[in-house]
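Just passing along the structure, written as C-alpha cells.
Which chain is which? They are A, B, C, D, E and F, in the order written, and residues in each are numbered from 1.
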Amino acid sequence: MFYTDYKLQYPVNVETPNPVFARALQQAIGGIEGEIRVAMQYFFQGMGIRGPSKYKEMLLNTAAEELGHIEMLCVAVAKNLEGAPLQIQEEIAANPVAGSVLNGMNFRQILSAGLAALPVDADGVPFNMSHVYASGNIAGDMYANVTAEATGRTLATRLYHMTNDPGMKDMLSYLIARDTMHQNQWLAVLVDLDTAEPQLPIPNTFPMEQENQDFSYVYLGFTADGAEPPRGRWSEGQSIDGRGTFSIRPMEPMGPVPAMGPANPDTYPQEAQLDKGGETEPGVSDSLQGGSQ
Amino acid sequence: MFYTDYKLQYPVNVETPNPVFARALQQAIGGIEGEIRVAMQYFFQGMGIRGPSKYKEMLLNTAAEELGHIEMLCVAVAKNLEGAPLQIQEEIAANPVAGSVLNGMNFRQILSAGLAALPVDADGVPFNMSHVYASGNIAGDMYANVTAEATGRTLATRLYHMTNDPGMKDMLSYLIARDTMHQNQWLAVLVDLDTAEPQLPIPNTFPMEQENQDFSYVYLGFTADGAEPPRGRWSEGQSIDGRGTFSIRPMEPMGPVPAMGPANPDTYPQEAQLDKGGETEPGVSDSLQGGSQ
Amino acid sequence: MFYTDYKLQYPVNVETPNPVFARALQQAIGGIEGEIRVAMQYFFQGMGIRGPSKYKEMLLNTAAEELGHIEMLCVAVAKNLEGAPLQIQEEIAANPVAGSVLNGMNFRQILSAGLAALPVDADGVPFNMSHVYASGNIAGDMYANVTAEATGRTLATRLYHMTNDPGMKDMLSYLIARDTMHQNQWLAVLVDLDTAEPQLPIPNTFPMEQENQDFSYVYLGFTADGAEPPRGRWSEGQSIDGRGTFSIRPMEPMGPVPAMGPANPDTYPQEAQLDKGGETEPGVSDSLQGGSQ
Amino acid sequence: MFYTDYKLQYPVNVETPNPVFARALQQAIGGIEGEIRVAMQYFFQGMGIRGPSKYKEMLLNTAAEELGHIEMLCVAVAKNLEGAPLQIQEEIAANPVAGSVLNGMNFRQILSAGLAALPVDADGVPFNMSHVYASGNIAGDMYANVTAEATGRTLATRLYHMTNDPGMKDMLSYLIARDTMHQNQWLAVLVDLDTAEPQLPIPNTFPMEQENQDFSYVYLGFTADGAEPPRGRWSEGQSIDGRGTFSIRPMEPMGPVPAMGPANPDTYPQEAQLDKGGETEPGVSDSLQGGSQ
Amino acid sequence: MFYTDYKLQYPVNVETPNPVFARALQQAIGGIEGEIRVAMQYFFQGMGIRGPSKYKEMLLNTAAEELGHIEMLCVAVAKNLEGAPLQIQEEIAANPVAGSVLNGMNFRQILSAGLAALPVDADGVPFNMSHVYASGNIAGDMYANVTAEATGRTLATRLYHMTNDPGMKDMLSYLIARDTMHQNQWLAVLVDLDTAEPQLPIPNTFPMEQENQDFSYVYLGFTADGAEPPRGRWSEGQSIDGRGTFSIRPMEPMGPVPAMGPANPDTYPQEAQLDKGGETEPGVSDSLQGGSQ
Amino acid sequence: MFYTDYKLQYPVNVETPNPVFARALQQAIGGIEGEIRVAMQYFFQGMGIRGPSKYKEMLLNTAAEELGHIEMLCVAVAKNLEGAPLQIQEEIAANPVAGSVLNGMNFRQILSAGLAALPVDADGVPFNMSHVYASGNIAGDMYANVTAEATGRTLATRLYHMTNDPGMKDMLSYLIARDTMHQNQWLAVLVDLDTAEPQLPIPNTFPMEQENQDFSYVYLGFTADGAEPPRGRWSEGQSIDGRGTFSIRPMEPMGPVPAMGPANPDTYPQEAQLDKGGETEPGVSDSLQGGSQ
C-alpha cells in the first residue's frame, strides 16, 4: 500500500518564472531519463522480483521516494509557468521578446493542461511504459537502474547548467545528490547479492558450458578492409567477470548466404517469386534438412 | 560507411520448424532486449560520443556485429515458419492440433510479411527508437549497454530453454556467448577510461560541491509507519564510488504542501477554481517571493 | 510525499493458477481502463489543479489508493503464472492441452519478465502516458475520471465473468466496489463545486455570448439523403445544462469548397501543381483578403 | 456509407496568417482533445454499440459532423501558413522577428507536408487510435464523450484566447458552440436510456450483491500519518447513484506483504534469488493453498 | 462536409462465426495496410494538396468510400464474434477445443469492446496516424497510395485464403476488386498530371543541375570484399525517368573518419572525454573552418 | 554480415553552425521520410523476400548505403550544434537573438544527447519500426520504396531550400542525387521482374476471377447530392494494368443498415441495451442465418 501527506520532500522555489525552462523540466518528468520512469521501474521490479524479500522492500521504498520527485518537478513546472504569455503577439515586431518566449514554450502546457506539467518529455512525447525494465533477474535490473540514475544525473546537471534561478539550482542540487546515492545504491545491491558464483555474466545461473565458449571473450572485428579493430582493455587481459581472457580477431562469415528459395504461392507473392521449374536456387525447406549447411 | 556480403555470421539451422517459436524469436529481434536495439544504440553512441576516437570506432565495429545478429534471427524466424498453417480450421474439433498452432502464432508474420520476420517484439509491438540510449556521457552509455546485454542474455537463455531444436540451441549458444563478451566489453571500457577521478558518480565532471551532499550517501526511508527501511550493503560501509559512507534515515517532508492558489481565468477553469475575494489560500505567485516557504 | 508499507490493501489469492488469465489481467494493469492510468491521472490532476486545496488533496489521496491496486494486480498475475509452461511442446500432438495453454499466454511475461506482470495491456501494448487526462479544468477532469472508472468497472466485471477462481473473484469483487465508489466520488465533486453558475457547459467561465449560440443546442443532421436524423431526448426539451432548448435540423454547408490554389514552388510540389498563367482557380492568398468568402 | 460534397460546414477565414497559430491549431486536429479523436470515437461506438438502433444512428450522424470539423481546421492551418518563412535566417541578428517566427513553427508542417496540416498534436505527436474509447457499454461511452467534448471545449476556448484574428475567432465560436451542444447531447442520452434501474454504477447490469459492498460508498483515506483525509460531498450524504450513503475511513492493509519466494530456475534469475535450503521465506506456491493468507 | 446513411456499401454475411478470424480481420481495420489508414490518408491529402481542384475532390471522394470499408469490416468482426467464448475453461483438458479458440482470440475484443472491432491491428497495436502520408507533392502521394493499395490487396488475398466462410469470401472479393481499381486509379493520376517535364524524379520542380549528377544514375556497390554487386535492369540501360543511363560501380569512401574531438564540458561528459592538452585529436570546431576537410 | 570502416561516404562540412537547422535535419534521420526508415526497410525486405537471390542481395547492398547516410546526417547535426547556447537567457530582453536561437532548438539534443543527433524526427518523435514496409510481395515493396525515396527527395529539397550553408547544400546535393537513383532503381526492379503476367494488380498471383470484377475498374462516386464525381484519366480509357477499361458511376448502398440487435448480457452493457421482449429489432445472430440479407 501507498500513503501520502501532500507535502514536498524538499522545497521548490522559483525566483523568476521562466516558461521556457518549464519546457526543459519536462524531460526530468516524462523523459526516458526522468522520474516517472524510475518510480515505475522500481515499482514493477519490486512487485516482480523473487528471492529474499529485503530487495523487494528496498525497491518499493525507493519507488515511493521517486514519486515524491515527480511531485517536486510538477510544482517546479507550475511555478515557472506563472505569468507565461497566453496570447500570440500579432504585432511581434513591436514586442519581440514576448513572442520569442511563447515560441520556445511547450504549447500543450497551455492548451492541454492550463499551465501545468504533463507526463511528457521536453519535446512533448508522452512517456511510454515500455521503458520500465523489470526482467526478473535482479542483477540485470540493477544495471538498468544504474543506467537510469546515470542518465538521470547527467540530465539534472545539464538542467542545472541551463538555469540561473537560485531556487531551481537548489532543487536540482538535491535531485543530483539523490542520483549520486542511487547509483551507489544499485551497485551496492550487486555486492550484497553474495553468492559462490560471480554475478557476471548475467544471468549467472545459466551453465557456461552451454554457451559457445569460443566466442565468450573475444572482441570480434568487422572492419571492411580487414584492418585490425581498435584495441583497448576489452581486447587484452583478464575478462571483467574473471572467467576468461580477452582476445581479438577479425571476423569471417561462418554461415552461407541464406537460401530463401521460391515463395509459398498461398502468401500471394509476385509471379517472379514463384518456383518456375528449376530456374531458382534450392529453397529453405531443402536446406532445413542439411544440418551442417 | 557500412558494407555487406549477404553471408551469415554463424549457421542458422532448424530441424523441425515451429511457428510458435517464430513468435518467441521476435522478442530477440524487435524487443527492448533485442538486436535492433543494440545495433542502433551502438551506432548512435558511436556517432555521438566525443573524446578519444577509439571508443567511437569500437562502438561502430560492434554495431556492425549486431546488424549481423538481426540477419541470423530473421533467417531463424523464416525457417521456423516453413510449412506453417495459413488457414483457419473451421472444423477445429476434428483437428485441434493445427488449430492450436495457428492460435499461438503471430498473425502479422502471415498477413503483413508473408512468412517472414518483422521488426516487432513477441507481442507484435513495433520497436520504438526511444530505446536507443546515447547520452553523450560515455560511462552512462556503457551502463546502458551492460543493461542491454544483461537483459539480452537473460532473454536468450529463456529462448534456449523454450526450444528443443538442436539448430536453434546451437544458434542461441553463439548469441549467448556474444552477450557474455559484450557485458565484459562494456565494463572493460569503464576501466579503460583511466582518469584521475573515479568514474562514479556519473557524470564525474560535475563538481561534487554543487550537489547537496547531505543527501549523497544516505538511504532514505519512506515507510508509512516510520518502521526502519530494509538494511543491506546500501545502508552501511563505504559507498561504491569510494567518495562517502552509506547511512540510513527515515525521511520527513522538508517542503510544505505546495500552494496552487486560484487559477488564471485565461486558462478557462471552472468558476469554483477562481479567486473569490479571500476565500481561497494565497496563490503560487505570492509564495514565489518567499524564498524560505 | 509518498510512503509505503509493502502490504496489500486486500488479500490476493489464487486457488488454481491460470496463465491465460494472467494475460487477461494485464488489461487491468496497463490497459487504458486500468490502474496505472487512474493512479497517474489522479496524481497529475492533483499536482496540476488550482483552486481550493481540498480537491488537490482528495485527488492525491485516491492516487495513493490506486497505486495499491496495481500492487494487488501484479501479485494476481504472478500467482496465476505459477507453474506455467516454459517450453514449447515439439510433440504437441501428444499433449495438446499444454500446447494450448502456452499458445494463449503473453510470451513477454515469460521472456521479458520471468513470470511477472508487465506495464502493458492484454495485447502486450505498453501503457502510454498520453492517456493521463489532466486539463486544469476540474469539471472536465471529473468527467475523465468517471469515464476511467466506468470503463474500469466494465472491464473488471468482464474479468469477473471470465474466471471461476474464488480467490480471483473475491479480489475483483473488491476492485468492482471501489470503482462504484469512485464513479460516485467524481460525480460528487461536481456537486461540491457549488457556484452561482451551473457547471455545464465546461468550462463554465467562458462567456456564453462569445460562442455562436445559434448552434449551441441544435442536433444537426448529416444524413445523406436529407432524411431526418434520429430523434431522442437530445433533440427536444430543455438542454441538460438548463441554459437552452434542444432542437433538430438537417445541416447544409455554410462555407464554400475551400480554394487551395497553386502550390508554393519553394515547397517543391509537382509541376502540375504550380500556377500556370490563369489555368488554375484563384489561390488561398486571394481569398484571405475577402473576409466574407 | 459516407458521402461528401467538399464544402465547408462553416466559413474559415484568416485575416492575418500566423504560422505559430498554425502550430497551436494542430492540437484541435490531432490532439487527444481534438477532432480526429471524436470523429473516430463516435464512428467506432456507432459500429460497436448494441441495443436500440437509434443510438447507433445518432452516433454515426455526429461522427459525420466531426469529420467536417477536421476539414475546417485543416483549412485554418493551411491559411495560417500562407507566406510562412521557409528559410532559416543566417543573419538572424539583422531580422530577429522572422527568425523568431520560424523558431515557433512546427517544422513538419513545412518539411513533411509542404505547408499543410498534419494528423498530429501541437507538439508534433501523431494521434494514436488507442484514444478511441468504445467499450460496448453505452453509458460508459457517453461519459467518455462528455470528457472529449469538455476537454475539447476547454481547448477551443484557450485557442480563442490565444488569437486576435477575427476569422479565427469566428470559426472557434462555432466549434465552441458545437462542443456545448455535444456535452448536452451525450448527457441527454443517459436520460434517454430510461430503464427500471438507475444508470449508475456503470455497468448497471452487474449484480450489486456480487461486489464487496462494504467498500462501495466509503471514501478511503491513505494519509501517511493517519490524519483524516479531506471531507466534501464525497464523504457524506446520499451517494450520487442513490444506492448508498457516503462515509469516510482511514485505510489499513487487509492483506499481507505478498510472499514472492524463490525464483524458478528456468527463468534464469541470479543465483541469490534461488531457494537455498530454507534460507528464504515460503514461496508463492505454498501460500496459494492458504485461502485466508 | 461528410454525410452518412448508416447502410453498408456491400453485404456482409457470416455463415459460421469464427472469433479467431475476428482477430485476423483487425489487420484490415487498424493495420498499416488497413482501411483507417487509407481513409485518413486520402482525407489529409485531399485537404493538403494544392493545384487543380479536381485532385482534391477525387481524393475526398475516395476517402468517403474507404470510410464505408471500415464500416463493413467492423460488422464482419462483430458477426464473427457472435457466440465467442467469454470464460476461460478451468477444465481445459475436458474441452480442449473451446480453450483453443479463446487462446487464439484478441482479448481486448472481449475486455475492452464487449465483442466488437477495435481500431488496432491483428496483434492489438493501435493504429498510429504517423502512417498518414500526405507530402504536399501529388506524385509522391500517389506512390504512397499505390503502396497502400498494393499491400492492402496482398493482405486481403491472404485473408481470403485464411477463411472458408462464403460470406467472408464474398465480402473480400469486393474489397480486393476495389484495391485493384485504386491501384489503377492512383497510377492514372500520374498520367493525368500532364506536364512538359516527366513526373520523375519526384519532385520534378527541383532543378536537376542542383543535385550532384555524378551520382544520379549509378548503382553503388557496398560489398565487403569488393565483389561486384548484383546486376539487373537497375544497372544498365536508360533510367526509368528517361533522363540518364544506369551504370554500376563499387563505392569508396569520399569523406574521412569524422573528427568528433573533445566534448564540451558544459554537457557533463566523463573526464576522459575532455581535452587534456594535446592528447586527443583536433575537434570538430577546428575542422569546421577547413571547408575541404 | 555487415562491416564498417568509420569513414564517410561523402564529405560533411558546415561553415556556419546553425542549431535550428540541426533540428530540421532530424527529419532526415528519424522522420518517416528519413534514412533510418529506408535502411531498415531495405534490410528487412532483403531478409524476407523470397525468389531469385539477386533481389535479396540488391536490397541488402542498398541497405548498407543508407546506413552510411545516417552517419552523414549525424555528423551534420553534431557540426550544426557546435557552439549552440546551453543556457536560458534570463535577461532575454538584453539579447533577443541568443534567446530566439535556443527557443527554436530541439532541447533533447542538449539534454538527452549532449549535442548530438537522436533517432527522432524534427518534432522529437522517435522513429517507430512500424514504418518498415516489407510485405513479402516484391512489387508491393518496390512501390513502398519509391514512396520512401519520393517523400525523401521532397524532404531533402526542402532542407536544401531552408539553408544557405555551402557545406550543407553540397551534402544535400549528394543525398538528392541518390534519391533520384533510388526512385529509378526500384521502378527498374518492376521491369526486371519479367513474367508472362503484367505486374499489376499487385499481387499478380491472385486469380482475377476470384475478385468481384464488376468493381475492378470503376471509379465510384460518393458525392452527397448525387453530383457526378470529378472525371480524369481514372474514369475513362484503358486501365493502367491493361486488363480493363475505366468507367464511372455514383454509388448506392448494396447492403442494409447492419442489425446489431441486443447486447450479450455477459459483456455487461447497460440495461437499456438488453433484449426486453420484442422491443428491439432482430439481432445479429438472426440475420446471420439469412444469407441474402
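In the analysis below, a residue touches a chain if its C-beta (ideal position, glycine included) is under 8 Å from a C-beta of that chain, and two chains touch if they have at least 3 such contacts.
Just so you know, these numbers come straight off a predicted model, no measurement behind them.
Considering the contact criterion stated above, the chains in touch with subunit E and with subunit F alike are A, B, C, D. Matched by residue number, over half of the contacts between the chains of A-E recur in the interface of C-F, chosen from B-F, E-F or C-F.
Distance from the subunit A centre to the subunit D centre is 27 Å, each centre being the mean of its Cα atoms. Centroids of subunit A and subunit B (each the mean of its C-alpha atoms) stand 5 Å apart.
Annotation for subunit C: residues 1-9, 32-33, 49-50, 56-57, 61, 64, 68, 71, 75, 78, 86, 96, 100, 103-104, 110, 112, 114-115, 120, 123-126, 128, 130, 135-137, 139, 151, 154, 157-158, 161, 202-203, 206, 222-224, 251, 253, 257, 260, 263-264, 266-269 touch two or more other chains.
Every residue of subunit A that touches subunit E in the complex is listed here, in rising order: 154, 157-158, 161, 224, 266-268. Against subunit C, the residues of subunit D that register as touching in their complex are 1-3, 5-15, 17, 32-33, 54-55, 57-58, 61-62, 64-65, 68, 71-72, 75, 78-79, 82-83, 86, 110, 114-115, 125, 128, 130-131, 133, 135-137, 139-140, 143-144, 146-147, 150-151, 153-154, 157, 160, 166-167, 170, 173-174, 176-181, 183-185, 187-189, 191-192, 200-203, 206, 210-224, 229-234, 239-241, 244, 246, 251, 253-258, 260, 263-264, 266-269, 284-285, 287-288, 290-293.
Residues 16, 18, 20-21, 23-24, 27, 31-33, 96-97, 100-101, 103-104, 121-125, 151, 154-155, 158-159, 161-165, 222-225, 227, 251, 253, 257, 259-265, 267-274, 280-281, 283 of subunit B are the ones touching subunit C in the complex. Subunit C makes touch with subunit B in their complex at residues 1-5, 49-53, 56-57, 86-88, 90, 92-93, 96, 99-100, 102-104, 106-108, 110-112, 114, 120, 123-126, 136-139, 193-197, 199, 202-206.
By the touch rule above, subunit D contacts subunit E in their complex via residues 1-9, 30, 36, 40, 43-44, 47-50, 56-57, 60-61, 63-64, 67-68, 70-71, 74-75, 78, 112-120, 126-130, 132, 134-137.
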